[in-house]
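Remarks on the structure that follows.
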Amino acid sequence: MRKIRMGMVGGGEGAFIGAVHRMAANIDGQIELVCGAFSSTRDKSLASGRALHLPGERCYADFQTMMAAEAALPGEERMDFVAIVTPNHLHYPVAKLALEQGFHVMSDKPATFDLAQALALREQVEATGLLYGLTHPYTGYPLVKEARARVVAGELGAIRKVVVEYPQGWLAERLVDADNKQAQWRLDPDRAGISLCMGDIGVHAANLAEYVCGQKITRICSDLAAVAKARILDDDGSMLLRFGNGARGVLMASQISVGEENALRIRVYGDQGGLDWCQQEPNTLWLKWPDQPAQMLRTGGSYLGELAQANTRTPAGHPEGYLEAFANLYRNFAGQIQARLGGIEPSAAALDLPGIDEAVRGMAFIEHAVAASASDVKWHDLPDY
Amino acid sequence: MRKIRMGMVGGGEGAFIGAVHRMAANIDGQIELVCGAFSSTRDKSLASGRALHLPGERCYADFQTMMAAEAALPGEERMDFVAIVTPNHLHYPVAKLALEQGFHVMSDKPATFDLAQALALREQVEATGLLYGLTHPYTGYPLVKEARARVVAGELGAIRKVVVEYPQGWLAERLVDADNKQAQWRLDPDRAGISLCMGDIGVHAANLAEYVCGQKITRICSDLAAVAKARILDDDGSMLLRFGNGARGVLMASQISVGEENALRIRVYGDQGGLDWCQQEPNTLWLKWPDQPAQMLRTGGSYLGELAQANTRTPAGHPEGYLEAFANLYRNFAGQIQARLGGIEPSAAALDLPGIDEAVRGMAFIEHAVAASASDVKWHDLPDY
Amino acid sequence: MRKIRMGMVGGGEGAFIGAVHRMAANIDGQIELVCGAFSSTRDKSLASGRALHLPGERCYADFQTMMAAEAALPGEERMDFVAIVTPNHLHYPVAKLALEQGFHVMSDKPATFDLAQALALREQVEATGLLYGLTHPYTGYPLVKEARARVVAGELGAIRKVVVEYPQGWLAERLVDADNKQAQWRLDPDRAGISLCMGDIGVHAANLAEYVCGQKITRICSDLAAVAKARILDDDGSMLLRFGNGARGVLMASQISVGEENALRIRVYGDQGGLDWCQQEPNTLWLKWPDQPAQMLRTGGSYLGELAQANTRTPAGHPEGYLEAFANLYRNFAGQIQARLGGIEPSAAALDLPGIDEAVRGMAFIEHAVAASASDVKWHDLPDY
Amino acid sequence: MRKIRMGMVGGGEGAFIGAVHRMAANIDGQIELVCGAFSSTRDKSLASGRALHLPGERCYADFQTMMAAEAALPGEERMDFVAIVTPNHLHYPVAKLALEQGFHVMSDKPATFDLAQALALREQVEATGLLYGLTHPYTGYPLVKEARARVVAGELGAIRKVVVEYPQGWLAERLVDADNKQAQWRLDPDRAGISLCMGDIGVHAANLAEYVCGQKITRICSDLAAVAKARILDDDGSMLLRFGNGARGVLMASQISVGEENALRIRVYGDQGGLDWCQQEPNTLWLKWPDQPAQMLRTGGSYLGELAQANTRTPAGHPEGYLEAFANLYRNFAGQIQARLGGIEPSAAALDLPGIDEAVRGMAFIEHAVAASASDVKWHDLPDY
């Protein structure tokens, strides 16, 4: 078994999420960064790569050059997969080219610029048989996995009500600061897509709800708005939901909730019990019962299920954080690649990772959220593409 | 100055909220229970009254007898006001008769069986000039008053987003237990009115939002449901909101959220700051700021405003609870009566009490919530009657 | 059954704890304030009494007059018991005279000025057969009763470790403000006794530990200090403990812990489980287990034991506070008096109240804490007087 | 600039803390594991090394072989420093040999088996001029650094009271499970040293207190005990403290506090303000003030000081955990090595790392805690060696 080799597109100096992807990939020592096209110019890309201890010849000027050059390398050197950490509008072109050149893809979300691209990407992934992972990191938390396991096992009974919310405050004010690189492109429809808030964080909330409940959102009633001055895209949105099994729900995402961090939270109520998890305290999962004391489950608890255990790496009783959850995505993706290299079936743990279906699902959610918000009719279908 | 004399209609043995009203009225030693029509029969009423140390002759068989008998007593004996703690369908008939006989009224919510009654009641209150109080006890918490004071003073800037929720779990199961007297009438449209969940707790949430924000809800998009088996009325509901100033909001109320207590919570976000208060920890009010640490305000803090101070009675740093909040309503109502007896203006603190306007408002909310839920159109006006 | 009649000594305008006692006595409507010697002059006492709606003739100039006058009243008028809410140095003289005149006594803590008085008081209580209650209100919380029930029932196994603490911040600064009446006498050895911090709050912590554990503290190692400038008595203290069964412990009490409210907290660890309760959130009791999720018990939970249920008066799921806990002491004390009036045995719930044994115990604790602190020897016995 | 090369002694399969050190070293991609003597046999060491993607020739049979072999390698290949993650009794021999061979040392705590070794080690470190880091990871949390910065800057005024505690539950039961490798050696005086609880976690608490307060503990009163059956060494201990500036304190450490995780917590009270930090929620630091609301500082807040900012690597508002704190130690240590390689002064951030002074200090603490506990005299000096 050897280390898995990663190339990166995007994530140069001043970028936001690239460093997170690298740290997540680093933690377990199973993945090695071998190359990158980090920035929009060769010089910047080189500077970024050097700081990451890469040889100059593998710091590429652009992703097209990188794909071609890497594909030309001998098998024992060339990257196994590409991590895509660019602004949204580049996700699809990079992924498309990577797949064409035979590389697996780990992409930041939202998967593409629009739904049409996501559907095309799914066709390509299926046609190539290559691996595709999508970084919804919140589903990497061990207690989110435990939550899903409990729901799917029926411990809460039939699910009736779901409340999922993701309030943030960082876009409460108009950001005209040119230095805030990531804010700039997120506010720009040409690079971000048709939605700011739903595309950036609402899609995480929707993904979390579907993952935990094992149910698809089937109908939505949507109310999005551009609240802050001079904003083009939505920075706040609330939705009423129906799930496949008839459960009702509410989804809230907001980037103008002053003073909030990344308070992603999900509450699920069945006819037998309820649960509550929030990223502000990700190492706690509440289970609530009708006539018994609520139980506080904690990361590392010996009573947790297999998937939660498999996705915990810190000694029991020490807090884990966002990077560890993110690292679980990379570890599981690396596990899939290792299995393929070894010609074996990947483990259930390795397969528990958002992929191309979640990519399509997320883009469908974003497009329908925007369309439904513009309509006077109350309910809209959210089809399963 | 003498003690204020209270009569009570409803609240006999086995009832739920009557004992709460009595304790709330008792705490400060300024109100004296002098008579009551506690139950549907003379014997039961007498038994309840005796346990409350009332003389037999002032334990009445029904509220009609009580009103007539009390009105016939000399001024230094007869009750000053009647507390109405019956099932909903009796609120209006009792209040109407009390006002006709010249008694002030303190009523449990919702004020009446339907909006038409509430409008008639308002006319009568205005015509008689008598005092009318409505027990939305959550607005009695000192930190709720502080929250309102901060919002109204503009500390949070222009209000943009409001999230108010009231999840409970106690009706998650079908309650067929005949002993659960209050559950029985609440589930019965003939006694409860057209709504279970919105009439019982949704109306508290709406009242809290309007009180704290100093803004009226002007438009709603409503999704109510009878979730538990064999239930006729709604036991769960979610609504999208617009406020008078254009702020957006979400209101959730649920009685099938298993394991939840009375987790009434409000979050308000302006363009300068946010706040967060929850009844599960009512002695804490969070203020949140863009680039400063969040502040935790506590009941009894020397930094709180006048209304919060005036509505706190426990030594600083000791927790207060629901009864104290409820007692603030009674104290303020008694203050209004004392002022009238003394021929003086009531204090601002005494006037800070839900009254006949909130009565009409609450009934309008309930009726429109139900109507909007039945409609396919997204948005509905919530007029200011 | 009639209302129990209470007289009060101390608690006039500007006093601190008298109003708390009155509210606690009021809540359930079973106790009636009938007379008082509220202040050090007849005029002040009269003013206080008038504000409490007492007739002038039962507002006494001093407690000696009150005892004599009340004793001379016919049985159907005179007070049943006296509530003592004076500074510490008067607790004993008032209690002594009350008992001599045949009145039951409910006293604030510490019970007396020194241990010798407490021992004398116990003799007198036993000789007269009259009832004596001591207001350690924290033991009135339903979840403190639940904690004790669980420990005594052996659910935590053999108790090994106890940590009890009571940090406050209100005496962090030198209080020279003449208006702070209660601070003044507490800082004065002639009125407060030999200890400020241990006498005021350390004794609550010790009482709570012994109550919850059902074990006596048998040995102490004590470190008290007068930290703030120009302070004569201790305002901070820490102690190492041994309990009768060999368990170890730590007791901390502090009045110079800036920013702390009344954060009384107890943690108990047995060989099978642990518990954690804190007054900052008194409606939560944690039970902790070796290989199971921690459980959060809540006031009003249907799973709680009899004593917890009997001491809860608020509808389940609404927070209770300090006044309700305090009211439980008064309700239980009134229950004892009612039983005596009725010639029956008091209920177990009524008997669950700190009394003369806790009075002696508290004074022994205070004296030994001070003596042990002054010694260079590590361990000191805390005898069971 | 190149990656720093790390060798590891200990940390083979089944070990506990080795994996933590490796992940901490990995996160930032600045350190590369190049060799190791992971286990007590060559075969086991090789298996561990292979799983870590090391070439076989750098998986050594023992640390002696490793030191010699690495020293013989050319400068561009050989390790820069050794990470020592063995049981306690081996810390010193490994460190001693490493220093003799010219390698920097990063050691798990406690630094040595006894104080004498620590003093000898300090001499050697000073004589060689090599770098020595000690992994007290809790001081790596950004908010612990913020706490220290605030105290040292005088924001809390003169420090008067310190409460530091570290309750755990994992040794509440007798562990005879042979598989629990790390429990076994920790319970064995020949490998662990003279203390279990104080050597394992009490020393963290003492280090944290001295780090945050910028004050040395100068006197102690100690009460240690072996509580669980058949245990030789202490598994629980409480201490009264005095600090250099006269402040009082309490230190508690326990491994028999059933149900507790790693609830390391420190509270510091000055005459102007207080602070509170707990590892259970490491991203929150409370500042408390006499007459102002408490402030909740959060990891990543823009209002935090330089050291806190420098030690944060996750996007603001996402939780960090134990691994990130631990990684800060490695990053800062790597920064020191880089500075030396580059011939420049290390940054203040890089120097903010426990080193040989903390090593001596910790061993002194452990030895005096044990000696003081055995004594009948109350207070013992804790000299500054």
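For reference, chains read A, B, C and D in written order, and residue numbers begin at 1 within each chain.
By definition in this document, contacts are C-beta pairs under 8 Å (C-beta built on N, C-alpha and C of every residue); 3 or more make two chains touch, one makes a residue touch a chain.
Please read all numbers here as calculations on a predicted model, not as lab measurements.
Colleague: Matching over half of the contact pairs by residue number, can you pick out the copy of the B-C interface from A-B, A-D or A-C?
Modeller: Having compared contact pairs by residue number, the answer is A-D.
Colleague: Could you compare the number of C-beta pairs in contact for C-D with that for B-D and name the larger?
Modeller: Of the two interfaces, C-D and B-D, more C-beta pairs touch across C-D.
Colleague: Taking each chain's centre as the mean of its CA atoms, how far is chain C from chain D in angstrom?
Modeller: Computed from C-alpha means, the inter-chain centre distance equals 44 Å.
Colleague: Provide the C-alpha centroid distance between chain B and chain D, rounded to the nearest whole angstrom.
Modeller: Whole-Å distance between the two chain centres: 55.
Colleague: What positions in chain D touch 2 or more of the other chains?
Modeller: 260, 294, 298
Colleague: Which part of chain D faces chain B closely enough to touch in the complex?
Modeller: 287, 291-298, 301-303
Colleague: Can you list the residues on chain D that touch chain A in the complex?
Modeller: Touching chain A from chain D are residues 1-3, 16-17, 19-20, 22-23, 26-30, 33, 51-53, 168, 170, 260-262, 279-283, 298, 300, 313-324.
Colleague: Using the touch definition from the top, list the residues of chain B that touch chain A in their complex.
Modeller: Residues of chain B touching chain A: 156, 160-161, 163, 165, 167, 169, 172-173, 221, 223, 225, 227-228, 236, 238, 240, 248, 250, 252, 254, 256-260, 267, 269-274, 287-290, 294, 375-379.
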